[in-house]
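Please find the structures below.
There are two complexes below, and they share chain A, which is joined by chain B in the first and by chain C in the second.
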Partner chain A sequence: MNNVKIKSKNLNVYYGEKQALFDVNLDLNEKEVTALIGPSGCGKSTFIRCINRMNDVIDICKVSGNIEIDGVEINDKNLDVVSLRERVGMVFQKPNPFPKSIYDNISYGPKIHGKGETKSELDEIVENSLKKAALWEEVKDRLDEPGTGLSGGQQQRLCIARAISVNPEVILMDEPCSALDPIATAKIEELIDELKKTYTIVIVTHSMAQAVRVSQKTGFFHLGKLIEVGKTEKIFKNPDNKMTQDYITGRFG
Partner chain B sequence: MSNEHTVKSYEEELRYLIDSVIKMGSLTESQLVDSMDAVIKVDKDSIDKIIKSDDEINKFRSKIDTQIMTLLVKRAPMAIDLRETISSLKISQDLERIGDLSKSNAKKVKPLPLDLPEELLGNLKRLGELVIKQLNDVLDSYVNKNYDKAKEVWEKDEQVDDLTYIAMESVIDFLSKDKKNLDFSTHLIFATKNLERAGDHITNIAESICYLIKGEYLKGSRPKGKVIQQ
Partner chain C sequence: MNFVLIFLITIFSLSLFFYGRSKTKSIAIEKNIKLNALPKFYGYYLVLWCSIPSLVFLLIWSLFEPVIIKSIIIETAANQGAIFNDKNEANLIYEKIKAIHLGTYFGDIDSILRESALAYAKFINLFTNSKVVLIFAIVIASVIYSLKKINKNNKARDDVEIILKGLLFVSSLIAILTTLGIIFSLLFESIKFFSVINIFDYLFGTNWSPQRAFVRDASSITAAEFEELKDAFGFIPLIAGTTFIAFIAMLVAVPIGLFSGIYMAEYASLKIRRISKPIIEILAGIPTVVYGFFAALTVGPFFRQIGENFGLTVSSESALAAGLIMGIMIIPYVSSLSDDVINSVPQSLRDGSYAIGATKSETIKKVVIPAALPGIIGSILLAVSRAIGETMIVVMAAGLAANLTINPLESTTTITTQIVMILVGDQEFDSPKTQSAFALGLTLFIATLILNYIAQRAVKKYREKYD
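What follows is the complex of A and B.
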């Protein structure tokens, strides 16, 4: 088993009066894919949004407990959130490319983080990021065209390329394939398999089959609590917790 | 399964699959009982009926295969449902093989003389009764999802091995007394061996049931009785 990259300890999240996460203790291993499953509103997206402090942008959101990346607490008020988000990239449910060219979509991040000072350096970052996202061959001759003109699956891979362009350590994916067709989904899943060699990946998914295919570890959330976490194979063949079994076999949801 | 699936038709499809395995098991058991009866009583009139009943068992096997394929495609079962589906596949395969062995034994009745000495058949009869009990017990453990009972059957196969050895010895003894017994004695030896093989399939079923219930394979190797030289 790989080293622990991200560690949450007694993590509680509140949206105003409503508590969204209850004492979540979860270790995420380096260069592995961890899938988070559970019914809508169970807290899995809230959890991953804690990892790059996306919840900071919600005024009524309050976080207590700890999240450590490489042993360093990220909820520290003095921590530079911009550099945290450079280390922890995110891909959302719906592809959301900037209304700019394919090239600009990728080069924007490195530019604001002070990477790629010359045109040739930026060219190299754009090419490498698109190659890592398995999109280069499809777009290399039309980098000046708008990113929004690509197909849904290509747009999502563009967003993945954009996330990896700043060379992060962690990629958070919040239902990245829910808006995609089966072929585009298969391409993203294959890509995730490749990306895990370099990055620590956390994916929220409603597809059990996808969780089985892409992840090594799976956590099941219900009503804000982490009910069970373990090796993906174990969770889907023989979970310990009855609630997990009832959820994955479709006995409630 | 205490809770039911949210999708009612999924629940029904799984229930239907389990029922099919239970019915196939019951048919296989009847066929085994009939074929043992035919051997012991040298009842040549029942041979055709037993051979025909094997067709029914084979039809069940095909039906169960189709049900499993449909379940896998439609539902992509997980956890207990996945284990239930895969166990059905394995158990139906073993039941079909037991059916083949019963049929094979029924066919062996044809060349047997009607006046077989009782001491020759006594051990074979005891072996047959034990194998029938083992099949009955294992099917019972499947219906009631009883792990301990399935494990007991698995362990008890040692007795099947021992009785097979004894039954074989009595046939060989009989054979050695007079070489003209050679022809039908060979059939009895094969019939004995078939029962031992049926016992092995029953232990496979017991293993599948244990995996179905606990999600873990039985650890260690099964206790073995006396081994017959091939």
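What follows is the complex of A and C.
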């Protein structure tokens, strides 16, 4: 068992009057893929958006409770969000490359964080990130073309490359394959498998099969509560909870 | 008379509606058949048939009646022995005859005029009577035709649809034809102007003083007069003044408008937005003439006062004052258009930028604005075309003399101001001076057309990218 990287304690999230998460206690292990499953609106995305404080962007969202990364509380108002997000990258449901060139899409993050002062350093970061995202071979001859001109699967890998360009410790993925076809999905899953050697990965997914394929640990959410969490194998073969059983066998959700 | 006719036709059509509706209902019951449309459609059908042909006839008749009567009367007067040398004198005599008929003529009435006036009365009577008879005939004929149709249970719904479609088509046709008419009248008058003044003298001349062209008739210009005229219509000072003032206006409007648009779209809370957006839009609702006297009476003298304090000579009608106020007028256009454009940049792009650790201002500067740029440029171009077409502010605040200058403290003039100046007061329609207004109008029209086209292309291209 790897060390615990992220630890949430009694995490509650409210959108205005509505409570979206109820007392979530969840440990995420280092250099491992944790999958979060559950029906739509159950709070999985809300949970991962707490880990890089993306909920700050939403005015009406209030978060209480604790999240620690390497033992450091990140819900602290004094915490520097910029450096938190440098450590915790995120990939979204729909590929969202910036309307810039492929090169600029990747170099955007390093430039913001003052990495890669010289052109050659930047070039190296861009090349490494694209290689890690398994996209380098496909785009190395057209780095100055717009990122929006790539195919959906390539765009998503570009977004992954963008996330790893600042060398984060954690990568959050919010249904990264839901807008992609099966072949592009397979490529991304392969990539996730590779990336977990370096990064701690949290993936939200609607596909049970995907959770089984890519994750070592799975958490099942329902109506804002974490119902059950454990080794992926156990969750899918022999869950303790009746609700988890019903969900993974497709009886609701 | 016409109003009485229209009133009668309306009343009659309305009663036909109720008649048609109940009639078809009873037919359906009597013969036990299924109607091809709801009874009310038969009512509409009768109304449309009763009113449209007669009203169209009335319209056409009213357009042509005065023209025909006039030519008949002028001919009668000529036969009576009236003498006139050209069209204008003929028109004068016709107006006299009309005035005698109406009892508002107070000059001497000779026998020719008296006879003609009697003839005029006779023709008016004849035309009115035949108009009434013809209209009744048309109404009766079309009502008989449509009643026959509904008795046969026609497909009234489809027929009504066709007629309504026709009405809508005619409306849009009128809109298009009017536009074309305006363009062609601009074009023809401009051609007349350019037949006197060489188009290159106009486009590249640096001296604008149309008041020199007091020549009465363009066709009777002597060689000496022509030499005098040749360099009176130089377009350069006007376009220079126009672009200069528009430039000053954009210097004011673009930064303030753009920044306030960014603030509205990205920073303002819902509450602030709800209050301040309408306030900014009120700026767009202020009549330009109000801006105009604000510029002329407050800002212009204020600048002159300040200039004097610094030992500068500032004209009280300065390009600076006009441009500044025009810029303020344009702020809401730039602001609300760029607000819309920025708002339609997808949230996912912002999320992507935040997620990698960018701050709000970095995100706006490096992601949102570049994404919205084509739309922003489009909105700025629309604002420019508004600035060069703006009239009232510059008429009141920019001055009339066509100075070729780049000193914002001096007075300068614009295309629109000169058009106003040329056309105010009594005009000789044949003189190059008057015709030059049309040439200016045409030039301005082409310039704004090109700007609007480019702007709309830019905005459209931007929309396609994110829809």
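Note that in this section the second predicted complex is superposed on the first by the 253 of 253 C-alpha atoms of A that agree within 3 Å, B and C clash if a C-alpha of one lies under 4 Å from a C-alpha of the other, contacts with A are read in each partner's own complex, and residues count from 1 in each chain.
Here is the rule we use: a contact is a pair of C-beta atoms (placed from the backbone, for glycine too) under 8 Å apart; a residue touches a chain by one contact, two chains touch by 3 or more.
Note that the structure is a prediction, hence the values are computed from the model and not measured.
S.K.: Have a look at where A:Phe236 lands relative to chain B and chain C in the superposition and call it first, second, both or neither.
M.R.: Touch partner of A:Phe236: chain B, not chain C.
S.K.: Of chain B and chain C, which one touches more residues of chain A?
M.R.: Result: the larger residue contact count on chain A belongs to C.
S.K.: Check whether A:Lys115 is in contact with chain B, with chain C, with both or with neither, and answer first, second, both or neither.
M.R.: Neither partner.
S.K.: Could you list, by residue number, the parts of chain B that touch chain A in their complex?
M.R.: Result: residues 3-7, 10, 75-83, 214-216 of chain B touch chain A.
S.K.: List the residues on chain C that touch chain A in their complex, please.
M.R.: My answer: residues 269, 346, 348-359, 362, 366-367, 370-371, 465.
S.K.: Given the complex with chain C, which residues does chain A contribute to the contact?
M.R.: Contacts found on chain A: 52, 54, 57, 59, 81-86, 89-90, 92, 94, 96-100, 108-109, 112-113, 148, 159, 162-163, 165-166.
S.K.: Tell me, which parts of chain A touch chain B in their complex?
M.R.: Listed in rising order, the residues are 208-209, 236-239, 244-246, 248-253.
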